[in-house]
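Two complexes are shown next, each including chain A; its partner changes from chain B in the first to chain C in the second.
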Partner chain A sequence: MSSLVGFLSLVFAIGINFYLLLSRYIFKFQKQKFNLFIRLSSLLTLLSFFSLMYAYVVSDFSNYNVFQNSHSNKPLIYKISGTWGNHEGSMLLWLSILSIFSFFFSFTKNIDESFQRLTLIIQSLLHILFGLFIVFTSNPFLVNSILVNEGLGLNPILQDPGLAVHPPILYGGYVGYSIVFSIAIAGLFQNTDDEWLYVAKKWSLISWTFLTGGIALGSYWAYYELGWGGWWFWDPVENISLMPWIAGIALVHSLMMVRGEQAIKKWIVFLSILCFSLSVFGTFLVRSGILTSVHSFAADASRGIFILLIFFIVTGFGFLVFLLKEPKKSNALNLLFINKVSALVINNILMIIATLTILLGTIYPIIIEVLYNKRISVGGPYFNSTVIPIMIPGFLLMSVAPILSWQTNKINNSKKYVLAFIILSVLVLIQSYFLDFNTWGFVGLLLGFWIILASIIAIFSSYIIKFNIKFFKIINPHVAHIGVGIAIIGITCSSVFQNELDFNLNEGDKFNVNGKTVLFEKIETTNEINFQSLRGKFLFDIEKNQSKEIEAGKNYYPVSKMITSEAGILHQWNKDIYFILGDQKNNEWFVKVLINPFVSFIWLGVIIMVYSGLMAVSRR
Partner chain B sequence: MKLSHFFKIVNITIISFTIFTFKVCAVESIDERVKNLTLELRCMTCQNQSIYDSDAEFSNDIKKIVKQKFEEGESDRDIKKFLVERYGEYILFRPLINYNNIFLWSFPFILLVFSLFFVIIKTKRNKA
Partner chain C sequence: MNRIFILTPLIVLLIICIFSLVYLLSGKDPNKPPSALLNKDVPIFESSSLYNAMDIIKTKDIENKKILINFFASWCSPCKIEHPLFFEIRKKYPELYLLGFNHKDPPSDAKKYLEDDGNPYDFVGVDSDGLIALEFGVFGLPETYLINEDGKIIYKFMGPITKDILKNEIEPLL
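Right after this comes the complex of A and B.
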């Protein structure tokens, strides 16, 4: 029943969007009526999504999709998140978020009426494309042809609170770019005033913030769930999310330039189209089964071709309009060595080079396989030695960029910065001798501290310190950059100065980690609702009264016959102690302990970035 | 003081530090060499995991082989060549710099050089 409701409302929503698309040429609507239809289609799409969710919650196995991906003895949260833990459901989630964005956009005030309508019509077009894709190749409402009482279960690796919220947040970013895309195209068609740039700025900040949060959740999940001790692996799927993120940084920063006198409209439109194209292209790569990962689910060639088609339609349409309806030539850029405009241009160039490099690295193995029928890998070492050096000048520049002048190449208090930089370099050099000296560690720490220090100097020497909301809005760019600096320190320390200790232990053994005694208490096996767990219990720092208990082990999921590793992590502000329980050999357990310094700084940096993203949205 | 001076100073400090650095880290123990090399090798039986990070049987075997070969005095290049002959280029996370991959490796730097020219030309034109 719920499946029928879901399918019908999905189809009706697509129908309404067809109607709206035609309305531009055939029927003349009042603004009110038009918006009403947009909202109606959004609500219908949501109804469709929630009826699928309902089918999951009540374990309605007459729905083929539920049968394939759910199981009645899962905890409720994973029944809900199971809705988007499969290809069909996640595409429906994608469409729902698209219509949520249209829904909210229809409420935008102080905006040219015909411009708003045009934007929403382009949204309708996207809705139709993805809607038809769902109906014809990935229908989540198919009826199960056999009668069953039990489903096949959700991939256990996805049964995790982090992964329950990761896809909706990430999609908020991917799909959020759709509205930026529509705004840019509508802006090209209307080509009257620059009001749309402000609207685009707001929405691109929202999408970028969502994307930041989504990527961070994903990598945090990888950190504690994969049990490899790292949090970023340059996996193709990670690269795919990184591309629109970096292009989004370029977009957000070039929209800043609108506040100065030179609007570089053409470039902004290009970036808007690029961001959404990269999102769709990423979806294509993941869902076509060309890349293998936890995200690819079941591969089906027809889906890949359909998404590729959508990608060509969207990108082709976007760039065609871009070429035909080129914005009026704006005045030349006021580039000097070095003012705010040139700093922002350099930022844009570096971000685009980084994006294209990641794109090339990700698809290069596919190209080589097609051309030479040979398999190669392009992994972390390639990206580390191309993308990171390209970004370094940008990192150097971002420390002072927000206080650069639009007009001249003078910078206030420049002596202070030079002095600070020299002192800082010496300090970092000295401390790096106490640790093992490492080039990347040195460069990373120097950059991170430099960004933070320069931003703080800039805040204190350029503005009057007050503690009200207005002040925090003014210093927001600096705050965002401090967040990046903190994240860089965290990334550098946790990857360069990671320390690994291996032990072979019996129950009751004591061993030494970082000067603290750890007791390997016991091994425990328990039966949970939907899995069996094997846990090694460790007591950390037993000499103190408040010793901490850490559990590391594995889960076995009988429904899908899979084993997942569950790392035990002791979080401290300056380091994570990461326990991995290995296999038992000759009555001894293999235990790997990783000391990851300053991992918490990465998440702190991300939180600051998300905060300042939200702050920037509320600006104006 | 103009910013250009400031950036000159920044450049000089960075360059001198880098030269300094390369001198410092000259000697590595065999274990470190094994770590550095196996970090760049793909575990063929896992999903996108390096041999160093993986505890799969395959990875443990390769780690042993690599260590043994280092002890016999073979270089990184020899070992990589040996592994490529056995398992194909797929095992290398860092693609070889050869005819097929020349575009892959040169692309970012070509872009960088082009955009550098672009910025310099634009800046000059503004000054004039």
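Right after this comes the complex of A and C.
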């Protein structure tokens, strides 16, 4: 029953969007009526999504999708998240979020009516494309042809609270760029004034904030669930989310800085199209199964071709409009050696180069396999040695960019900054000298601290300190940059100064980690509702009264016959101690202990970035 | 000049789409990477029989005949699925030499597995430490290789072979 409701509302929603698309030429709607139809289609799409969720919650195995991906023993939260833990459901989530964005956009006030309508019509077009994709190739409402009482279970690696919320938030970012795309195209078509820039700013900030949160959640999940001790693996799927994120940084900054310059407007349109194109391309790469990674679901060539077609239509259409309809001529670019505009241009160029570098590394294996029938994989070494150096000048620039002038080359209080930079360099150099010197460690720490220090100096010397909301809104750009600085310190320390210790242990053995004695207490196996768990129990720092207990082990999911590793992590503010339980050999357990300094700074930095993204959205 | 600049994204788009389309249409499967060993000589190996440690098989022993090599293990459930097909091959192509490599398996388990499900192989070599699999570039079990009379690998398949694969991909080569 719920499957029927879901399918019908999905089809009706697509029908309404067809109607709206035609309405532009055939029927003349009132604004109210038009918006009403948009909202109706959004609600129907959501109804469709929630019908699927309902089928998951009540374990309705007459739905083929539920049967394939769920199990009645699963805890409720994973039944709910199971809705988007599979290809079909996640595409329906994609469409639902698209609808939500259209829904809220239809409430935007104080904008030109025909501009708003055109934007929503482009959204309708996207809705139709992705809706048809779902109906024809990935229908989550198929009826199960056999009667069954039990489902086949969900990928156990996805049974994790972090991952349950990661896709919706990430999609909020990906799909959010659809509205930025539509606004930019509508802006090009109308070509009346610059009003669309201000509308686009808000939505691109929202999307970027979602994307930041989504990427961070995904990498936090990888950190404690994959059990490899790292949080970023340059996995194709990670790269795919990073590309629109970096292009999105360029877009947000361009939108903040634009003062009617023709060249920057062009950039903005280009970046808006690029961000959404990269999102769709990412969807294509993941959903077609062309790249294998922890995220891919079952591969199906027809799906891949369908999404490739959508990608081609959307991106081709966007860039074609961009080619034919340029933004109206207006102010020229006021480029100086170092002012706000030139910093912005440099930032944009660097971000685009970084995006293209990641794109090249991600699709290179496809090109090579087509040409030479060889499989290669492009991984960390390529990305680390190309993307990071490209980003470094951008990081250097961002520390002072917010206080640069529009009109002159002058930097206020420049002496202070120079002095601060020299002192900081010496301090970091001394610090690196006493630890093991490492070039990347030195550069990363210097950059991170410099960004934080320069932002703080800028706040204290340029504004009067007050503790009200208005003040926090004014200093928001600096706060965002401080977040980046903190994250850079975390990234540098945890990757460059990571320490690895390997042990072969018997139960009851004591060993030494970082000067503290650790007791390998025992191995424990228990049966949970839907998995069996094997846990090694460790007592950290047994010489103290308040020793901390750490559990590391594996879970075995009998339904899907999969083993997942569960790292045991002891969080301290300045380091994470990361325990991995390996295999048993000759009655000894292999235990790996990683000491990751300052990992928490990465998450702290991201939280600050998300906070300042939200602040910027609320800023009028 | 400016126009070329604006055209670039469209050109890049076209290139990406063409490559992706060719990739998708060529029926390439990420689970089936092209083997670097294809059309190359069989790696040099040496393995003793599962049933008699003195009975040794070497690369030299399989010269001048067509050979199907299959990596399997008792703990590998997909191997169990493809197992009956080897009896069909055995029956249909009595000339073909079937060489099985038992991968990282306790001999007792392997023997029991072949007792229960039958032994279609002419020779079962032991690869207890997985070194032979390493030489062949085995990704995961089961994997099947076809070697021609010149000692060249002419076909490789990852995962359990099926009736369709046997009919459409392997038999034309026999």
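Note that in this section the second predicted complex is superposed on the first by the 615 of 620 C-alpha atoms of A that agree within 3 Å, B and C clash if a C-alpha of one lies under 4 Å from a C-alpha of the other, contacts with A are read in each partner's own complex, and residues count from 1 in each chain.
The criterion applied here is as follows: a residue touches a chain if its C-beta (ideal position, glycine included) is under 8 Å from a C-beta of that chain, and two chains touch if they have at least 3 such contacts.
Every value quoted in this text rests on a predicted model; they were computed, and no experiment measured them.
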item	value
Residue contacts with chain A in the superposition, chain B compared against chain C	B
Which of chain B and chain C A:Asn373 touches, first, second, both or neither	second
Touching partner for A:Phe319 - first (chain B), second (chain C), both, neither	second
Partner chain in contact with A:Tyr382 - chain B first, chain C second, else both or neither	first
Touched partner set for A:Leu308, first chain B, second chain C, both or neither	second
Chain B versus chain C as contact partner of A:Ser547, first or second or both or neither	neither
Touched partner set for A:Phe284, first chain B, second chain C, both or neither	second
First, second, both or neither for A:Ser23, with chain B first and chain C second	neither
Which superposed partner A:Phe270 touches (first chain B, second chain C, both, neither)	second
Chain B/chain C common contact set on chain A	292, 374-375
Touching residues (chain side chain A, partner chain C) in the complex	270, 273-274, 277, 281, 284, 288-292, 296, 299, 301, 304-305, 308, 311-312, 315-316, 319-320, 322-323, 363, 366-367, 369-370, 373-375, 561
Chain A contact footprint on chain B (complex, rising order)	1-4, 6-7, 9-10, 13, 17-18, 20-22, 24-25, 39-40, 42, 47-50, 53-55, 88-95, 100-101, 104-105, 107-108, 111-112, 115, 118-119, 122-123, 126-127
Complex contacts: residues of chain A adjacent to chain B	228-230, 233, 235-236, 292-293, 332-338, 342, 345-346, 349, 353, 356-357, 360-361, 364, 368, 372, 374-382, 385-387, 390, 396, 409-411, 414-415, 417-418, 421-422, 425, 429, 437-439, 442, 582-583, 590, 592
Chain C residues within the chain A interface of the complex	3, 6-7, 9-10, 13, 16-17, 19-31, 33-34, 36, 77
